[in-house]
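Should a chain be cited, it is by its letter among A, B and C, assigned in written order, with residues numbered from 1 in that chain.
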Amino acid sequence: MSETSRFRSTEGSHGALKGAQTAWDMLSEEQMQKHITTGCEELDAILGGGIHCKEVTEVGGVPGIGKTQLGIQLTVNVQIPVECGGLGGKAVYIDTEGSFMVERAHQIAEGCISDLLDNTAHRLKDFPACPERLQPNSFLSNIFYFRICSYTEQIATINYLEKFLEEQKDVKIIVVDSITFHFRQDFDDLALRTRVLSGMSLKLMSFAKKYSLAVVLLNQVTTKFVEGSFHLTLALGDTWSHACTNRIILQSV
Amino acid sequence: MPDADDPRAWIHGDESAKAMLARVLTERSFLLLPPLHRLPLRVGNVVEIAGPSPSAKSQVLLQAAVHCILPREWRGIRFGGLERMVIYFDLDCRFDVLRLSQILKHRIKEVLGSTNNFGHGVEEGSQEYDDKVASMYSFDDELLLACMRRFLYIRCYDSYEFIAALKTMHSRAQTESEALGVGIQFLLIDSIGAFYWIDRASQPSPYGNCMRKIMSFQNLMETIVQEMRKFLEVQPLLVLASKACIFFAGSSTTNVQRTVTTWTSEDRKQWRTSNKEIEKFLYREYMPSAWQAFVTHRIHLQVSDKCTCDKKNGTLPIYMSEWVQPPLNVKDQFAVGDGGIFMIT
Amino acid sequence: MEERGRAEASREELERLIDGGTPYKFAVASQVPMPPTRNPRSAIHAKSPITEEVGEEDVGMEEVSVAIDRQQPPWLNGVELLEDAKWNKHVLPTGCEGIDILLGGGLREGQLTEIVGPSSSGKTQVCLCSALGVADLNLGVVLFLDTCNSFSSHRIAHMVNSQSDTLVKEGKEGRLKRIMSSILCHSVFDIFELMDVLHQLECKLKHQVKSSGNRIRLLIVDSISSLITPILGGKNSQGRLMMITTGILLKKIANEYNLSVLVTNHMVGGEGGSLKPALGESWKNIPHVRLVLSRDQGSNICNVSILKHTIIASGRAAKFVIDN
């Protein structure tokens, strides 16, 4: 990080330290913070209103449960205009598995827009500019997509993201699908893997804090034998477990 | 100068061997400090106490310090200490003065309690008893302060401060010993390898125009050893230095089969090492040759799996000590209680 | 312990004095003239006030020793150490009863306490509790350095509100504001940034007015292991160097400015699948006190045991309750 670009939220920096904030100021800020809805009410309730900005959330589940769907939904939901209660921001989607499908994203965007138009029809009359923005194609154009084929590309992309985020000030969510895919197989040096992963998690957390955006990491699950029974836990458990603020596992009933 | 007329005077020595032995034994008497008591130590010896963390190395140093600062005799009661000053270099910055005073207080209470100085015929609860108890407590504090005055302490945050402290040690020690009237006997260093990683990695900095000596780790240690030798020539001391083991003994880089077990707070076996090869790697020498040549004795400490349990102290872990230089193939066991180290036979 | 007045420039001067080729003479107080040093004027005459009385040739060694004594930390004897421990190094309660009883009061000023535990074992909760405790008792300011976005002002507000039952004088809102304003939070995501913050803090503490209510009493770094793990290991030893330098700096700040430092560490897999604290062997010698936390799945009772302590024997354990 450059010397001059300390944290953006330096308002209320205490005399003690440049860039420090009192908890009181943070509390008032947090209360004004908007959440990104996942589209599912129960999930929103568990998350406390939706995905929080300035935090890293990890979502795990068995293959096929809908993690990618959730990821795409979030990249669409973040673009809900501010007038309709959303963040009106852009999204970054980092795809390591190749599971992002444009057609599906188009469908989800259409569904979201029609929901918006239905629910908030009366408000939109006051803002005639909205209908142009509320086109599926404009939604798609606000999702920045990165395709990654190896772990070195992943590290490089995350390092490059900082510059990208400086230029694109509107990005409000980063979705990584999935964060540990390239690190699970064929990684010989475990110590190196630990170092790389912890460095990556630090970087992502710093983006979340510095640019006030949400980071959502999609992860695979494994089973773990704990106290006589099998539990589902997120992959790379021990090394990765302390990296995130919130961790969710999706299970099918 | 023997007389020029008497050539025989040249041949006569200064003193006989018997006289010299007697003189040396009184000036440099043998010291037996638990748990280092297997080998009688004298001033002029340099003992290195090595061990992984935790292995009670600092406790051994504190035990030696207490032995040194206790008086031989105080108001008629015999304590058996050396009544000399101690210099303590705290390079780890982890010294806790409350622990030192705790050990001192225990030792004093032990001695006072064992010498039956209440006399016969004094009943508990009587005024005389209370007076004696009160006088004992004030006596405690006075004695404690007198002992603490003989403890000289300095804390250093890097090797340069250490060297600077060594250079000023002599003058300061002289003023203190003149003030107190006793000499110094022990020099304790905790721990000598504290700045290893920092010094090893520091680049020699060209300082302005001066032809500055390149201060690598080797050079720093050589300077330190040189300063200490200079001091020891003038004032012979027993040097005890603790050294941490910084290499992890165990297969950390190979692919360990991760069998998942639950971790419980009682499950402390995992902190121990047991294999012989692992031990050799654990105690691997990382100090430069200047320090290795300076050291005359070495002892290895380790914590064992067993615990000792008694009413007074509760459950305490048992530590093991083994002399490596000179090698004695005996492992002693000791534990650390509130009152310091006590041996377990 | 406070004002030593040691700045970078004077350290260079000190090094110059040491290195200046002055042969060390044992007879400090005697009339031995000192051979000319490289910069006799700047090093010596700048410092000493005793030039007039003492003769020219005596000035040398006296001034050198005065200059050196003033630069470095003073020698102390046991009595002075006891006085310092009694008057300056107080105990800060952690707010978790089990830990306080185990540690004999709480966190000691001047010491670096480390809490180790697997994830979600309550480490952050203990940190927040301690911050709350110190702020509530008006002991001073708490500085929370957050490396993993675990600081949540909501959680603290929740804990404050759930505690205030006996207060009559102060309103709920007022108490909340007072407590929350004494807790400062700063996010650091880089070890170099942490060193920077610590140096800034040191400078600020050096020039701070003593005995003001705004004194920093507790410094929490949660968690220090997530800053050090990315650089530790591998071929070069740069990581260990940074770790030890940070540890020494934390202990120095704790001791000289009488504050307590609390850091958290996570656990990694060790021999045979068990867990051991991260950061390796070299870190073990740095903290004064090491506590191990664990929590059974699904319960809110935490076990804490002592791994290392300056006074208490290791192995002592206690339990305490965490509210969620």
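Annotations for the structure displayed:
Going forward, contacts are C-beta pairs under 8 Å (C-beta built on N, C-alpha and C of every residue); 3 or more make two chains touch, one makes a residue touch a chain.
Predicted model only: the values in this text are computed from it and were never measured.
Relative to the centroid of every protein C-alpha atom shown, the closest chain centre, again from C-alpha atoms, is found for C.
Ranked by how far their CA centres sit from the centre of chain A, the chains are topped by B. Computed from the mean C-alpha positions, the centre of chain A lies at a distance of 35 Å from the centre of chain C.
Per-chain CA centroids place chain B at a distance of 25 Å from chain C.
Put simply, the C-alpha centre of chain A and that of chain B have 56 angstrom between them. The set of chain A residues that touch two or more partner chains comprises 191, 226-227. Contact of a single residue of chain C with at least two other chains is seen at positions 118, 267, 269, 275.
The set of chain B residues that touch two or more partner chains comprises 260. On chain A, the positions that touch chain C within their shared complex are 1, 7, 14-24, 26-27, 30, 54-56, 191-192, 194-196, 198-199, 201-203, 205-206, 208-209, 226-227, 238-239, 241-243, 245. Remark: chain B residues 52-54, 69, 92-94, 96-102, 145, 147-158, 160-161, 163-165, 167-168, 170-172, 174, 176, 191, 194-195, 197-198, 200-201, 207, 210, 212-213, 227, 230, 234, 244-248, 250-251, 256-261, 263-265, 267-268, 270-271, 307, 313-317, 336-337 touch chain C in the complex. Within the complex, the chain C residues that touch chain A are 118-120, 141, 143, 147-151, 153-154, 156-157, 176-177, 179-187, 189-190, 193, 197, 200-201, 204, 214, 216, 223, 225-227, 229-234, 266-269, 275, 297.
Note for the complex: chain C touches chain B at residues 11-12, 14-16, 18-19, 24, 26, 28-29, 38, 65, 68-69, 71-79, 81-82, 84-85, 111, 118, 237-238, 240-241, 244-245, 248, 251-252, 255, 267, 269-276, 280-282, 284-285, 288, 292, 294, 303-305, 307-308, 310-311, 313-317.
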